[in-house]
Amino acid sequence: MSSLAQSQLRETFELNIGPQHPATHGVLRIKVVMDGEYIDRAEPILGYIHRMHEKMGENRTWNQFWPNMGRLDYLSAMAYNHCYAGLMERAAGIEVPERAEYIRVITAELNRIQSHLLGFGAYIMDLGGFTPLMYAMDEREQILDLLESVTGSRLTYCYFRFGGVYNDIDDDFITGTRAFLKRFRPQIPMYHKLVTGNAILMDRLIGVGPISADMCRKYGATGPVLRGSGVNYDIRRNEPYSVYPELDFDIPVYKECDSMARYMVRMDEMVQSCRIIENALNKLPEGPVMAEKVPKALKPPKGDYHYAVEAARGTFSMRTVSDGTNTSYRMRLRSPTYSNVSLFEEASRGMLLSDALAFLGSLDPVIPEMDR
Amino acid sequence: MDRAKIKRELENLAAEGLPAEPPQEETPVEVQTEAEGEDKAKPKAKKDEDVPRKNGLIETEYAKRGTHLDVQINPDQVVKAAEILDAEGMTLEMVTGVDWLKEGQLEVIYDYSYPGGQLFRVVVRARLDRNNPDIPTVCHLYGGANWHERETWEMLGINFVGHPQLEHFLLPEDADFYPLRKDFKP
Amino acid sequence: MSGYFKDIITGLKSLAVGLQITNKEFLTKPITLLYPHESVKMYPRYRGHIELIKDPETGMNRCICCGMCEKGCPSGSITVKSEKRPGVKGKVLTAYILNFTTCSLCGQCVENCKPEAIRFSNEYNLASTRREDYIFNLLEKLHPEGIPEPEVDPELLKKELEKEEAAKKAAAAKKEAAAKQEAVKKEPAKEGGESKAEEKS
Amino acid sequence: MNELIRLLSYMICLAAFLGLNLAYLGWVERKGAGHIQRRTGPKDVGPYGLLQPLADGLKLMSKQLIVPANADRPLYMCAPILTMVPAVLLFVAIPFGEHLVPREFSFGLLMMFAFASVGGMSILIGGWGSGNKYSLIAGARAVSQNVAYEIPMLITAITIVMITGSMDLNEIVRQQGGYIWNWNVFRLDKSILMPVSFLVFFICSLAETNRTPFDMGECEGELVAGYHTEYGGMGFGLFMMAEYANLVIGCSLTTVLFLGGWQSPIGIFPGPHWFLLKMYFLIWSFVWIRWTYPRTTFWGLLNLSWKYLIPFSLVNLLLTALFIKVF
């Protein structure tokens, strides 16, 4: 903390970062009490894009809730689709054909790369470097084109269905994905050369925003934030769902606990996602992509069900309470950013303003998912 | 993390909160499994299910429910439960509320998971009176509970006693309704 | 002190590497697709707003007006209006209104459609400043030159007419019978009533 | 009378030169940024987007000038003009060619530095006068940044003065005549640290002109748009033009002090074309740097100045003094 902050004669002022601010990526508002350039207290204020998805879940049939899943985290919508599909399949006891699961994994991982690419680009843009964003966007467009050719939409996918996926992938998609991987792999070392190795960036990220593993645990932070603090926790490994146990990949973990570690986890995850996709493409079995005998009006038995997946930003889990009808009695969405950003208040105390925004960017918040 | 220890301690905790009558641990388990195994087309044991669950611990099947342990305790014991789970290195994933309008109760659900390798999920639930929904906060143990509890208060009107900042969060500041309650009509 | 100079040298080196990369990119060709001048390649699975499918045989839509799309829509964007016409099998679609302002392109309607009467269109460059422009009547969109009248099957018409006739007759007969019965009923009722009154008095 | 006509024609020529530069540096920057980022940059307005600056100017001029409610009105209004004045004024002393100097001062270098510090002042006035907290922070940052970077810049300039024994810019250029090794950057016989001091001066001029990676005054990731957050229309336009004017000045000064001004590297055909070539190369490197690097933090910026640049320039000063005394 600054010597100013400790002295008696301190004068603080309030600064309102957001809801419209270049660094908050959407409509997050942070009320900051500043002491010169230092942050005395920061309080995130949410709800600017709150849409009450949970109530919507109570008013819509299970099938009708699908489009909502793409609109939580618009950057990694596939993982959210996956969670809902998994949840209802668990609740109703639907067996999913293997091919469908492989397709789910391939699309979800492509989506994860896309999300991390944008996260990376936007993060560097927060730090003042505009060019990496454009390079990342270039790669991202390739992924969006691939996904569009299968799902029909570019961002808010509504592709999975209870018991499978909406439609099968074709050879064009498979060759396109392989070509993309071939093109994308050499890009990551280029990013590392251009961005990660840059002395200015290292100066800005190393040692900024330390979050200990215990703090992550107390706040329920997950995803790259947790893995950047040295905890090897990934739902794909620790609570295996879908066909992830059959695939070959590593979980990148960094022990430095700072913004750089979180950034590096994301970068390494992209490489691992490439591995997963390649692996899954090689193993892709033939067969149907929809389970037979999926009732049109799903009525899962009474009780409550829980399902968790690893979205791009951490653990996304859903808890639904079913009362045996065709709508949910209570639908609870646990979004990773919500927990990740909740530690901002404590962690940002005494930080420089520019460091705090670098730290916030390293949490990679997606506001619509946070507000739900 | 010691699964057996958590189970034992939570079992004891749930038993502590029970009224004087002897705790019947076996019956709820049966009901649960019966309900699971049943064909969804014909819900036979409907009569039994409509009765709110008794306090106590149920071992649930992960493949069907997504959780391993399901504990229902008295509201004043949630802090104790959180202490037990915190000591074992569990993390609080989310806090949720459910409105049981028919029973005149509100339910608070705490989802715990273990971030250290093993797969272990615990659900702690407590039923409150709908007219007097007070429950102690676990904010001092889990910082992350702050926002979750605040949201639950905002959406369902569950009053977390001792919470540092029960203010409107996601809803507008002048919202005087609880939208996730079942009797809420917009 | 050696760390001090090492920092400077590695730092300057990393900066030089960055400049090299951007210079290389500067010299390569831009990848921009100049949108209004060039158009985007559309994928066959692209999900634009829904549209009715023209049956190549009849030149009509395939909608049977079951209303499944309307029911399945999470946002209530679809309104199907239909009526019964003489001599035409099933109901006739008179208007298929899609409120595209609320549509989330989830595809529930297309999935729910049993006769496969609707599909996603490839239209993506919709632009307007008025809300009303997004309330489409898909039937009009399908037949921009004017909605054709459904073909009348003479046999069916005959049959229907006969049926109607028969129904009319039956109705008339029923009416008569009913009238008769009522007349019959009324009297005993009257009597009953009277008798009741009598009893009461 | 002759002198008056000369001055008048210089004024007109300078105004034209300046106007063209201010307009087209923006275009260069956007086009450069575009191509660096795999894009095309401005393209539609005129051939290669060459009329884009005109369109931008028209747009800025047609906008309403809005004074925020809690702004200090006189300060708010005069700040953009105040940034522009020193930037334009400084062109008087720059020798474009041997005889192409608007006014030869014997203390041209001193005048340069004197007026350059007014620029930082006007940023503070603009930031303060806006009545916006972001602008205020930006203004405070800009001033301390300018102060911190003027020290190494001045010290480095003093070494040049020691070598050349003159403060007249044209005289400094004249002494660098002949071949490329006579340029001050490569004058290793005067001080072996000369290339380093060129680098120091270059970094300082980056910082003085508020360019990335040192754009603390307007870092949009933190302070929205810094000191010109509240400015719209031509107020913003003036700030932007002043930035480019400062860019031209900074690059001209570096060219004059280190790269031999209008002197030719191969000894033949010296003249303004060499000056412009060198200057535009430096400007391009500024643009190039801007679209390559992220921004430093404020602390990093001051650290760089106090821990690296100032010690280096001081050592360089001492060494130069020693060299001159010994040899």
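When the chains are written out, they are named A, B, C and D in that same order, and each has its own residue count from 1.
Rule of thumb we're sticking to: contacts are C-beta pairs under 8 Å (C-beta built on N, C-alpha and C of every residue); 3 or more make two chains touch, one makes a residue touch a chain.
Remember, predicted model here, so these are calculated numbers, not experimental data.
Two chain pairs, A-C and C-D, are weighed by contacting C-beta pairs, with A-C ahead.
Using CA-based centroids throughout, the chain positioned farthest away from subunit C is D. For the pair subunit B and subunit C, the distance between C-alpha centroids works out to 42 Å. Centre to centre, using the average C-alpha position, subunit C and subunit D are separated by 62 Å.
With centres defined as mean CA coordinates, subunit C is found 34 Å away from subunit A. Multi-chain contact residues, meaning those touching two or more other chains, occur in subunit C at positions 15, 18, 21-22, 25, 31.
Taken residue by residue, subunit D touches two or more other chains at 36-39, 291-293, whereas all remaining positions touch fewer. Chain pairs that touch one another: A-B, A-C, A-D, C-D.
Taken in their complex, subunit D has these residues touching subunit C: 32, 34-40, 43, 288-289, 291-293, 308.
Listing the residues of subunit D that touch subunit A in their complex gives 33, 36-39, 133-134, 137, 212-213, 215, 219-222, 224, 291-300.
On the side of subunit C, the complex with subunit A involves touching residues 7, 10-12, 14-15, 17-18, 21-22, 25, 31, 43, 45-47, 72-75, 104-108, 111-112, 120.
Per the touch definition, subunit A reaches subunit D in the complex via residues 13, 15, 21-23, 37, 124-131, 134-135, 138, 194-195, 198, 200-201, 203-204, 352-355, 357. Residue ranges of subunit A in contact with subunit B, taken from their complex: 45-47, 50, 52, 54-55, 58, 87, 90, 92-93, 215-222, 226, 231-233, 238-239, 299-308, 315, 317, 319, 321, 324, 329-330, 332, 334, 338-339, 342-343, 346, 371-372.
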